[in-house]
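Common to both upcoming complexes is subunit A, partnered first by subunit B, then by subunit C.
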Partner chain A sequence: MGRLTGILALSAGSAVTALLLGALIAGAADLSRLLAGVWPSFVRSLLVAAWTLMFLFATALPGGIWLYWGRGGRRAARLLVDGTGALPSVVVGLVGLMLFVRALGLGFSLLAASLTLTAVNLPFALRRVEEAARRHDGSFAAALALGAPSGVAFFDAVWPHMGRPLFTAAVDVAARTMGETAALVLTLGAAAGGPVLDPLGGGPTLSLRLFNLLAAGRDGLYGLTSATAFLMMGVGLLLYVAGRIFREGGRRS
Partner chain B sequence: MTQPKIEVDQLNLYYGPTRALKDVTISFPPTMVTAIVGPSGCGKSSFLRTLDRMNDLLPNSRVTGHVLLDGEEIYESMDVALLRKRVGMVFQKPNPFPRSIYDNIAFGPRIHGMKKESQVREVVERSLRQAALWDEVKDMLTKSAYNLSGGQQQRLCIARALAVEPEVLLMDEPASALDPIATARIEELVSELKERYTIIIVTHNLQQAARVSERVGFFLHGECVESGPTKDLFTAPKDKRTEDYLTGRFG
Partner chain C sequence: MRAVKRTWLAGGTLAAGALLITLAAVVLVLGLMGADEVTAGPDWVPPSALGILAPLLGSVAVACGALLLGGGTAYLAATFLSFERPRARPVLLGLFGAGTWMPTVVLGLFGVVWLQPIIGGYGILAVIIVLSLAAFWPATAHFTAILDAVPREVLDGAIAIGADGATGRRLLAPRAVRTGLVRAVVGLAGRLVGEGTVTALLIGNNGSYPPALLHPSATMASVLLTEGGGAPPGSPWEGALWSLGLALAILAALLGRALGAWDA
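Coming up: the complex of A and B.
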């Protein structure tokens, strides 16, 4: 409970500090523009992160478990995972542009962006799930040695250990997603700002907004750019602290 | 002569193209402790894992030859879950489940169909007593098994293996990760358990093998070079390689 209060306090503190710093740099005149522009971008960033995590939960969790305990073809799958994990996000973004935006007809949308970010993060997430399970190989073997079927052995002896490492992996993915720009430029960049909560709608996320402001290159936008950057730093800091707290908790327990 | 509890004949184990065990032939009499000794990498643990088919889990592993449990071939028609109920295993590192002490012990009986909680409770107490742990944990059965010391965790793992009432207990260097006091407790326990169970213990420690076992098998480069009563093998080894290992010329 105390830890949760701490996280909430840090969350509120980071957001307020980021806004105050942003306002200071942006100047009073730009403050209303800042608040008007940042808020939808912030919500879109959160939505993209949440959907990416949701898609990863549906794909990386079973995939990582299969890499751990499945039979046949795992070596080839690992090679594929490691190979695709080394691809720059802009390359995966191009694949996203061709596959999700054009071939599947999702257009420049939050959904296409989330699916592309899922592809960007999938190799990392698969490996983290597999590693989380592999750390408790001994318990898995012990359960099998008692005559448990492999499903029972996994879910009774390994799965309960995996909560914390998976949570920290989710925090890492969320942080990466918030900061990702290259893949989003190709899958969301050309979209005009639409309704914030529409999955098939578009509009810039925080990182895209930052990119657009910098690309515009006008001096007057300096304050807004800095303010957006500070807000992203605040979110990043919050995710980092949340990850650290859970990692420490895991180590102690 | 008594029928061996486990009889191994011409056993070969392959990991892909690598032959890890070569024509191993050895038998294990019932209710006796047999120690498997040999230098690192000689195939002791791999051999132990063939006796309850734990090697089946490794990709590309393949076994040829025969392993008979009470005369029945374990690699043919025997159900693996049933085999592992009959042949329990204790690993090198204590590996309790992320559960309470009670649930750790109850895990085995429950997966083998024991439903009545009163019966389970009885088994938990009996197993903990057999593992000489009951007095230390009887007031903290609902606490996490991770609260126990390393030595206690290893005895908990032994109790967990005993809870499914195995006939054979395989122990893979069960004391190698423990301090001398905890090691002594495990050795005492092995000596007590041999009255009821056939125990096969892998150890690096020749003194430990001499203290706890009645029979010894010496492994080298995947072969079982020699096996026989501990006293005979330690005082008058038949094979020169056994003598060289026991006298410290290699290993």
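Coming up: the complex of A and C.
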């Protein structure tokens, strides 16, 4: 617990991180050729992330505002949101398989995968919307005290300040969606590669492609798996840095 | 030290209670479904043997192992960052923040390509090592935030009564923030028990009993991930998968939210 063990623990963590990144770059040495075969999966990943964000915008925004501003039942709703937020994505994926893929007949498709990822991220998004609104609780209370109707108070005093935190939350959700695998294995895993832009078509996203490659065995596929992982890491890091910049900017302002 | 022991004992009792509630719920649901083929027996070899004990114990073993290795290492790193080198904290935690966004499937690549050849194949040990790595980055940030809440007076008081700084940091600091630490550890267990991607890639998905460190085994999450789409609708196998899903959901929800406060 002293200085030496702390240094050892930190060095081990940093060394493994550096080793991992270095090996990914080295493994994907012929990157341009390898990435050419990966782009359909990359586009699918982007599509799934975009549709998930779209569905979340339609559900989490009003839901989160209700959690902040609504009347009655909010405590039970928060408990439900917290409970479902702790569910592993593989369990939500199983529900998505039964509900979207089988019961609603969407089959193994990008649309079913997007809806399942919406369910995976909904509790997180709801709380982020609520927190974004709660930051300006004082302004809301002041507007109410001055006699403004609650709707006017919310949309004049709170809503204009929610843009930056909501954008940060959207970046976080996009990063989570790009890296999510377990739910996609269950809702998209068995789909054959189809037209990239077809919502009811299938085909692997980046994470699913990497999972399938690894599950199939490592012989002769190291370059391809590394290229896929490299692309995933690049996108993830880009989104992480973007989120950090917006978060820091929000703190300063 | 008695208060610290009591807090950890309470955390352990609650976690064991969560496991028992989970088992009771599974038995109840199976009874209601009339799924007689699903048993509490040791082996999970569908569709012939649907004993849920092997994946359940596999999940508990993986979570406990990764908690000890990853959580312990993260606590040491957090102690160092919080007390020894606070100036290095923003830079290192920023780097570790990038690590938290590393998708688990990328860590699975690390396990499949480098770790498995060293270890010699599938098993719980490979999963524990990779999950420890996955837990290290967020846990370090979380523990550092908790240790930052240790009142400076506690450490100064320890020095004032003759103890050296290391004793204060080792014995008194965890005691001052024990509730936060217990909640974080239990919450981390809730996260680890539900991790499916790494587990499915590295554990071998063989539900024979007992789960082994160096032989193919199975966890609830790996079984759900690899067999979820393959079970015929309406079959006992599918019923067993639902019961495993329910068990995992209850266990993760109880550990992750009701007991823990893991929002990293």
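The working rule: the second predicted complex is superposed on the first by the 217 of 253 C-alpha atoms of A that agree within 3 Å, B and C clash if a C-alpha of one lies under 4 Å from a C-alpha of the other, contacts with A are read in each partner's own complex, and residues count from 1 in each chain.
One rule holds for everything that comes next: contacts are C-beta pairs under 8 Å (C-beta built on N, C-alpha and C of every residue); 3 or more make two chains touch, one makes a residue touch a chain.
Please read these numbers as outputs of a predicted model, since none were measured by experiment.
Residue contacts after overlaying the shared chain place A:138 against subunit B, while subunit C stays out of touching range.
A simple residue count on subunit A separates subunit B from subunit C, and the partner touching more is C. Applying the stated contact rule after C-alpha superposition, one finds that A:210 touches subunit C and leaves subunit B untouched. In the superposition on chain A, contact is made by A:87 with subunit C only, not with subunit B. Contacts of A:99 after superposition on the shared chain: neither subunit B nor subunit C is touched. After overlaying the two complexes on the shared chain, residue contacts for A:233 are found with subunit C alone; subunit B is out of touch.
Contact with subunit C, but none with subunit B, is seen for A:189 once the two complexes are overlaid on the shared chain. Of the two partner chains, neither subunit B nor subunit C is touched by A:46.
Shared-chain residue A:152: touches subunit B; no touch with subunit C. Note: no residue of subunit A belongs to the subunit B contact set and to the subunit C contact set alike, using the contact criterion stated above.
Per the touch definition, subunit A reaches subunit B in the complex via residues 71-72, 74-75, 138-139, 141-149, 152, 156-157, 160-161, 253. Per the touch definition, subunit C reaches subunit A in the complex via residues 73-74, 76-77, 79-81, 84-85, 92, 94-99, 101-110, 112-114, 133, 136-137, 140, 166, 169-170, 190, 193-197, 200-201, 221, 224-225, 228-229, 233, 241-242, 245, 248-249, 252-253, 255-258.
Within the complex formed with subunit A, the residues of subunit B that make contact are 52, 54, 57, 59, 80-85, 88-89, 91, 93, 95-99, 107-108, 111-112, 146, 157, 160-161, 164. Those residues of subunit A lying in contact with subunit C across their complex are 1-3, 5-10, 12-14, 16-17, 20, 23-24, 27, 82-91, 93-95, 97, 102, 108, 175, 178-182, 185-186, 189-190, 207, 210-211, 214-215, 218, 222, 225-226, 229, 232-233, 236-237, 239-241, 244.
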